[in-house]
């Protein structure tokens, strides 16, 4: 994403849009994480309270997803950089 | 993104920003509701569909499932906040593509 | 969702938005229901006509989903109310 | 949500409301199409992908699958309407989060 | 979709919208196809390079999906036409 | 769809079209990123969640999975282009509901 193509007004506008998108992205990640960890960790509905094993599973599931997502982000940036160089951009 | 001028805090007119926030809140509530309907359907309803009514087991399962979903929703929220501002401020290091631009 | 924060023009606007959202919500529920019941009930493609067993399955699937969704709505409202009180709102 | 004035029923200009409805109809047709492509792919195409062409069995299965999907689409629609105004008017009792606000 | 109900300005506008929608539709189909064929064909991560069997699987998966989608399109148009006639439109 | 006048190529003002394109590009990058996170999570992370850290095997799997996803992304793109203008121009024969209107 080459920002030099924008004048200062446009750069201000774009960073406001990016900020809003990051917030939406975070909310979507949050909702998906609740779905993912609920489906993986909660299978016993003999009680409505979260058991200690279920709770530990939810915390591990959350931590592991964040680390997974962070590592994908790093590799993703490298792949993008390789592609940009390959296209001589 | 509205290029229109900011709506003043007039008492009679419609304040676009307040509207936008209210609509966003509505969308979030609906989204959580729809996710619970879908998750608890998968957990509690057997796909044999022998009859159209909910049996005892399914009804009790639904009640507990909704309660548990809210608890997990709270737990995950607390965990994300405890990850420090990065997570809470909506942009975990690698968590979003923007971080890697 | 506390409506008192809005003046009358805003309340009129919001209820129009809610009405449109309810319609969109209903259409989405309808499409998801067709997917869900088709995938659960239709597995035999030796004929293109809906068999009586398949048809009964689709009707039960629809009824059961509506009742399921209604019950989740009731528990959802209770949980939301509890959360509001807990936050002393 | 457009705060602009309602476009008059002028014969030459573009009537925003008519445009919006037409676009919504287009979106609905595309949505149903994409759902059929996805459902019938799951029902008719084996994920072994030994060759790139459709074999006889897959082709016949697709034709019947599309027909059956339309029938189920009609059946579910009739059932929802028979549930009385609540369902049809877009807001079954508990069916949407708004009902529980 | 009966286009006669629109005047020429509206028809110009609608076809511009359709063109944009077709492009978005194509991009969505492209992304879904990558997901679908990656999930079906890539299960061995002992190496990060695409094996020849995996590559052939991805090409077959892509070709088969396009043919499947084309056939659904044809049946879809026929079903729609039948429905229109049935409603005497 | 904006009914506003085209923003001129002014050096100081905000050019709506340029903004729209930039936002679309951002959305596409984010979409691909989120799809890789989801696909590689399914391929590399076992749902037992015995601990919160990534183990050696999971980390190596993620690195290779991201690389392979990019390759498949390229392969599918080339295949679609080789299908001739129809595919590339965004509207394969039956590929979209519009083709059948």
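A, B, C, D, E and F are the chain letters, set down in written order, and residue numbers restart from 1 in every chain.
Everything below uses one rule, namely that a contact is a pair of C-beta atoms (placed from the backbone, for glycine too) under 8 Å apart; a residue touches a chain by one contact, two chains touch by 3 or more.
Note that the structure is predicted; figures quoted are calculated from it, not measured.
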Identity of the chain that, by mean CA position, is farthest from chain D: A
Farthest-lying chain, centroid of Cα atoms versus that of chain F: C
From the options E-F, C-D or B-C, the pair that copies A-F, where over half of the contact pairs coincide: B-C
Computed distance of Cα centres, chain D from chain B, in Å: 24
Centroid distance [mean C-alpha coordinates] between chain C and chain A, Å: 28
Numbers and ranges of chain C residues touching at least 2 other chains: 1, 13, 17-18, 21, 25, 37, 41, 59, 62-63, 69, 71-73, 76, 80
Overlap residues in chain F, where contacts from two or more other chains coincide: 1, 14, 19, 23, 26, 29-30, 32-34, 44, 63, 67, 96-98, 100-101
Contact footprint of chain D on chain C as seen in their complex: 1, 13, 17-18, 21-23, 25-27, 29-31, 33-35, 37-39, 41-43, 45-50, 54-55, 58-59, 62-63, 66, 69-74, 76-77, 80
Of chain C, residues touching chain B in the complex: 1, 5-7, 9-10, 13-14, 17-18, 21, 25, 28, 36-37, 40-41, 57, 59-65, 67-69, 71-73, 75-76, 79-80, 83
Chain A contact footprint on chain F (complex, rising order): 11-15, 18-19, 22-23, 25-27, 29-30, 33-34, 36-37, 40-41, 44-45, 47, 49-54, 58-59, 62-63, 66-67, 70
Residues of chain D touching chain C in the complex: 1, 28, 31-32, 35, 39, 42-44, 60-61, 63-65, 67-69, 71-73, 75-77, 79-80, 83, 87, 90-101
